[in-house]
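One structure is given below, encoded as structure tokens.
For reference, chains read A, B, C and D in written order, and residue numbers begin at 1 within each chain.
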Amino acid sequence: MLSYALRTLTRMAITFFVIVTVVFFATRLSGNAVDFVVGDGITSEDRELLISYYELDRPLFTQYLAFLKSFTDGQFGLSFIERRPVSDIVLERIWPSAQLLLAAMTLTLLVSIPLGIVAAIWRDSWIGSAVMMVAFLGYAVPNFVLAVLMMLIFSYWLNWLPVVGNGTALHFIMPTIAMAGVLIAALTRFTRNAMLDVLGQDFMRTARAKGLSEGHVIIKHGLRNAGITILSVIGLQVAGIAAAGSVVIEAIFSWPGIGDLLVSAAVRRDYPVLQFGVLTVALAVIVINALVDLAYAWADPRLRHTVKGGN
Amino acid sequence: MTHSIAVPATSLPATAYRLWRGADPIRKVAILIGVMLVVLAIFAPLIAPFDPNAQSLISRLRPPLGFERAKEGYLLGTDELGRDVLSRSLHGLQLTLMLAGLGATLGLLFGGTLGLLAGVVGGRTEATVMAAVDTQIAVPFTLVALFLLAILGSSIEVIVLVLGLAGWEQYARIVRGEVRRLMNMPFIEAARAAGAGPLRIARHHLLPNIVSPLVVQFTLSLSNIVLLESTLSFLGLGVQPPTATLGAMVGIGRDYMPSAPWIVVAPAMMILFITFAVQILGDWLRDGADVKLRAR
Amino acid sequence: QEITVGAANVSDYLDPGRDHSNVGSQFYYNSFDTLIGKNHDKLDAEWQPALATEWTLVEPKVMELKLREGVVFHNGEPMTADDVVFSLNRMYQADFPPYVVRSRDRLSNFVKAEKVDDFTVRISVEKEEPLWETLLNLQQVMIIPEEYTKGLTGDPQVAEHDDFEAFSLAPVGTGPYRVAEFIPGERVVYERFDDFWGETAPLARATVRQVPETASRVTALKTGEADIVTNIAPDQLAMIETDPNLRTVGSATPLFHVMIMNVNHPELRDPRIRQAMSLAIDRDLLNEALWLGKAVVPSTHTLEEFGELYMPELTTFEYDPERARALLEEAGYDGAEIVYTSFPTYYTNGLLAAQAITEMWQEVGINAKVDVQDKWTGGDPEMMARNWSNPMYFSDPFGSFGVMWAPHGPSEGEGRFNTDAEYADIWERFRFSSDTKARKVAYAELMDRIKQDPPVLPLYRPYESWAMRKDVNWSPKPGHIPYVLDFRAGSISFASN
Amino acid sequence: MTRSPLLTLENLSLSFGSHNAVRDLSFDIARGETLALVGESGSGKSATALAILRLIEREGGRIDGGRIVLHGTPTLELSTLSDRQMQQVRGNRVSMIFQEPMTALNPVMPLGEQVAEVMRLHQGLGTDAARLAARDALARVKIPEPDRRLDQFPHELSGGLRQRVMIAMALACRPDLLIADEPTTALDVTTQAEILALMRQLQDEIGMAVLFITHDMGVVASLAERVVVLKSGMKVEEGGVEDVFLRPRAAYTRTLMAATPKLGSGAPKPLRSAKAPVLAVENLAVRFAVRRGLRRGADLDYHAVNDVSFSIAPGETLGLVGESGCGKSTLARAVMRLIAPSGGRIRLEGQDITHLGGAEMQSLRQRVQMVFQDPFASLNPRMPVVDLITEPAHIHARLSRRARRALAAELLEKVGLEPDAADRFPHQFSGGQRQRLCIARALSVRPALILADEAVSALDVSVARQITDLMGRLQAEDGVSFLFISHDIAVVERVSHRIAVMWAGQIVETGRTEDVLHNPQHPYTQRLLSAIPVPDPSRRKGLQPELAAPTPPGLLLPTGQQPPEAVMVRVAEDHFVAAQDGIESLLLAIPPQLPQAKEHDDVSAPAVRETQHC
């Protein structure tokens, strides 16, 4: 178990280091920050001046070392654009994003697991098809179209829901739904498939032969097994989908989140923010995945003891 | 010597036909829509009444026929530069389907090859590939796309490349997982016992058996790519104007959703139909490919 | 009264000295003062006492200013000559690179400020300055507290770079509103500053919140989450106007959207090609179509705000596709692809105009293509043509055309514009003649140079719109530089209903 | 004897879609009686069982007609009950155990919970009471350390133990009727014997009736009181077990009886050939790295095959027997060089192939072929038969398409399949036919040696018979040698010239078939032989294996350590037995022992061992 944890940690560390490096060089390759940071209309001598002020004139490798070193000072440098410690900027943005993601995940789980089960049980009837159709709809609408559409209906016309920021619980409704749309579609489909796999297994027959009611069989025996499979994808796919979704959703609902921050940092080549932001997100994803892995290993007794000692 | 690769009875057309016969009406409708879209896309240049890029600044933002201020001949109205929305949608459909097809194929080739390599070779290669997969999973793809587009510029080729890279890690994971599973199957051992080398095993024994999960993933990534393309356009990173893609039309047109919704409706509906049809197809193929379900 | 403004953009930092962006201009006037003020209700310059109560030229190159007594900074410190000298010299004798840049393009004639006594300062210039008041009314020379700034980081006695960096996050000025909260890129919260030296601010609190998506801004206005929203594209106006609770205001902002051309690009070296590019663009059509006719299409690089130097009579730029074709022919244009680069979203209608322009170019036979780039490419030798804007940083041709097209100025510095001794000579006359007539003549000469060998085409003064609740009385004032959100007394009020 | 019926089936007809699985089936089961339902694979046995529990609809089937009546209080007509009403019956009055002990248990639920669930449901027990009851249920099926088991999961138990849990679960509510659908088919003989003994004992305790489904006539003979024989969904015979075995009336029953291998019905004469062996294996060892820790000492190796030596002469069949997991397949795979041996030498037709490189090895592969344990899994599901069975030949000789077709036709004929099979895919064949495809594939290169790994274990007796006959024919015609791997000793006896008994990675006894079977020396061999059910009701004996299991050496060892080496001791001509150093002399001193000697009658509980490495 200990060596397993150690291996996982090492692997995480390596992934992290690779990301650090790739992100660093990718940011440098993708255009000179000066063009973005200081903007238009400066003379070449001013340009030189600013380049050296932003320390962009140092050799790439020195910059890289400095970047690595900035991990130790707890601030991770100063944003080129916002002129404040990167850690402040990123940390301030993470919580709203996490909240939104959490809300979206909760909604997703609440909706898609029952839907997936229904779709699996009635896979051959119209109910199953209908559920899947609805789920697919979630996949079929670009999330920003869904977001703007909701905004027009519920705010512009009906004036029921607020659209700016994350101030109150009401603020969560539309962003959460817009973000969960794709997730629900994905997870419903996944739950259905996992459930279908389980439904065909021998132990389900055993459970029925015991005289358990159908509901009990499905929930206690079926879902428990399917759940493990579902868990394994949540970390993998969901993180990616959510990260992609958050960029758009945050922009539309003026959500002070990290997705929005990263895109604008990327667009403006705010290297320090971009680097640290990507790393934070990556770290979050890595940690979430590791947690999911752990949860997976914990939930699946077959993985709980990798090797049982000999006798 | 001609090598006729075995066409299993579970080949795609056969599977598709079997599925079609057993399909419920909803699915049939969805598939018909899909087929119709493809036909529309192929014949877009013939059907489209106007040059998709021809502007007419004086007749911008005209609503579809039947509404006040509509412009003669412009069935679905005009966009923010007075271009025909219908013609742009049709051309956009064509380009979008092409981008999605190319992108998904690229992802399949790239991710699939890496996954195959990882699964067959194992060891260090596998560790490296899987580390790359982990890395990709940890870095939101939107950012990768952003970097690539920034470094390489956003020409169509680069966009195809970017779209192709989206989801490569899924292919790699799937292929590697399948390969690993298959490598433990006795029939692979049987092939080795027969004297088959690694290449033969990969080509004749692994590939045919990975096809169906790949097909399913392919359909999934097709619709993912359509959505991704629209997200890129939303961020202003998509195909360069004035070229029309569905994503670009929706992404740019979103500002007009309150004031001139018709700009967005047609392309958005097309996106909806495409992804919808593709999803159903994929789901369907999955059911068809699933031996366990078929045994019933 | 409190209001919330939904702005398309909120600044990433707040420092009037280093900033000259269209985004930043929105914010400074509420919180900072200049030495010499201006009547913003008027188009023409009418200078008013602000932090300085009197100013006189004591020598041809030295101005002495009497400072207003009893002025207090937002942090409670009283304003003295030390603060003024510090504020001015941070620009005049800049060594903080961002200040150096701003100082060089507009304040290079200023040598230093000196304290005479606690409420008197002297400012000296290198050459006799015809634009004293104008240049003392600049955003860049707004007054900030010395002690506070120096004390922000490191040694409290020394103004380090980091002090200025820190200041831009926690700005302190003398204006009627203090910045109570500032989250870069997200929101600025103003609170009424009770110790303001002038007329008390009408609002107890004003929040400017970034709402980047157009549809979201309009919706926020509908839901009441915002009282005023900025940057409404002309296409959206009609829809808002249909709502009985809302209204819109707008004006042709003192700024040009321009098309710049790289005179040094191999394909464009022949001026006739650039003239053709310019002549092919039907700017009135652009205005009609994209701006619903509300923008202003100039015949030369001039703005009404220039006062005496306003010269609408010059025809430096015009639409003549026939001549364009002829010139292309003459120049032997070989059908080389001419790329028009555009920011994707920065300028209202920018990308649309770009597409329309390329279409117009194609009309006259130019093989044109749009290229969308997020970054500034003005310094890129590959750049052929692109969109840009030329704001009026202050109301003088020097504050608009002059900042960008001076000899060794930014445009030349970026290598897409050339000047020679003759140009420099005309420039000198335009910049420093004490006689307005002479300046006018010189400016006309410059315009002629531009016409002969065009590096730029001003497309139009864009029509910028704000939308707000019907009961909010606010509109952009004619005397301001572009985009200023002026919430001072007399600038905003509410209809009682 | 008056029989009071517990369950009556009247004219039951079942179908799956358009396929009629069972037609017009009638029989009844008396209280306390054991009825065996036998028949070839696919004859409708499971369908009948599922119909009784009314689970058949769930599996996609249907009851077309007939009645199923469960007598008692109250008498119920099961065929008309609603699902809700059936839930009161299932697991309570009628319960069922299934063939596959691994997959029939929920892999992620603690065993205790799986058993307790039934108690809570049918006996209304509370959580704690149910847990206690579950513990007792586990104890009743003689699971050692029942307390600990409550919180274990299925994968932590050996197949035998899992099956006990299944039984505990099924018997938890003391049902009137227990349906056992091939409960021991997946287990090896010794474990099977233990389970059957247990079932018999519990049946006596509880007094329930048992509907026992199997196709193993040996099991039937030793367990059942009455027998119903099914063929293609129809009852062909019904009667007392003695009648059916001794005086079968239906033709099908007679075929079935004839095909059933009976231990002691004679082995092929030992070969006397002076020719050099086709295969000679010396001191072969195979290790698997099971765990690689960070520290050196933490590495564990599993010694699947240890110090194994044997040889096979041309035209000879060596039977390799041993319980599941003892290393038979691993040995075969090592001989094929599919896995690298970690020690010892392999000589094929005189050539040392232990360390041959890939290319050289490839050309030798045509001399030795393998028929894999699981015929379905060893056929690529996406390849048509013509390509499948000619693949080895194609790889070695690059055949043209036409040549491949011709070869395929020839091979198919040889193994008794229709030529049109060439264009079909593996899933379109029955188990027996697939096994023939595997053999055909092995034959495509005219090998000198075929390693047949459990080639008939998955088949029912009549089909198995056909396969072994086919192998015999091949041997006679082409002089092929076989390494015939099985745990079914009766089959091995019929085909093998010599036998090697494998146990815990080692060959513990080897000799001529007759000698080993009639004069087993090693305790494991003795136990194995005693556990085999004899398909003859008149020779019914105590069901428990009569000998306690010898303790196997630990095979999972820290890297570097070796399992104890056994020494082969010659006890008769060509008959060797492994001996640990200590008992070697002892063994040599003791005169040969006959397996019939019943010295252990009083030893009751068979020692149960967890096999954690299978």
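By our rule, a residue touches a chain if its C-beta (ideal position, glycine included) is under 8 Å from a C-beta of that chain, and two chains touch if they have at least 3 such contacts.
Keep in mind the model is a prediction, meaning the values are calculated, not measured.
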| item | value |
| --- | --- |
| Of B-C and A-C, pair with higher C-beta contact tally | A-C |
| Middle chain, criterion being Cα centroid separation | A |
| Centroid spacing, where centroids are CA-atom means, of subunit A and subunit C in whole angstrom | 40 |
| Subunit B-subunit C separation of Cα centroids, rounded to whole Å | 46 |
| Mean-CA-position distance for subunit D and subunit A (Å) | 49 |
| Numbers and ranges of subunit B residues touching at least 2 other chains | 150, 254, 257-258, 296 |
| Contacts with 2+ other chains: residues of subunit D | 59 |
| Where subunit C touches two or more other chains, by residue | 213, 215, 218-219, 374 |
| Of subunit B, residues touching subunit A in the complex | 24, 26-27, 30, 131, 134-135, 137-143, 146-147, 150-151, 170, 173, 223, 227-228, 230-231, 234-235, 247, 250-251, 254, 257-258, 264, 268, 271-276, 279-280, 283, 286-287, 290, 292-293, 296 |
| List of subunit C residues in touch with subunit B within their complex | 213-215, 218-219, 233, 235-236, 238-239, 285-286, 288-290, 344-345, 351-352, 354-356, 358-359, 370-372, 374 |
| Residues of subunit B that touch subunit D when the two form their complex | 1-2, 4, 6, 8-10, 185-187, 189-197, 200, 204-205, 208-209, 211, 291, 296 |
| In the complex with subunit A, residue positions of subunit C that touch it | 6, 12-13, 21, 97-98, 100-101, 104-105, 161, 165, 168-169, 183-186, 209-213, 215-216, 218-220, 222-226, 374-379, 388, 403-404, 408-415 |
| List of subunit A residues in touch with subunit B within their complex | 11, 14-16, 18-19, 22-23, 26-27, 29-31, 123, 126, 129-130, 132-133, 136-137, 139-145, 148-149, 152, 156, 182, 185, 189, 193, 196-197, 200, 236-237, 239-240, 243-244, 247-248, 251, 259, 262-263, 266-267, 278, 281-283, 285-286, 289 |
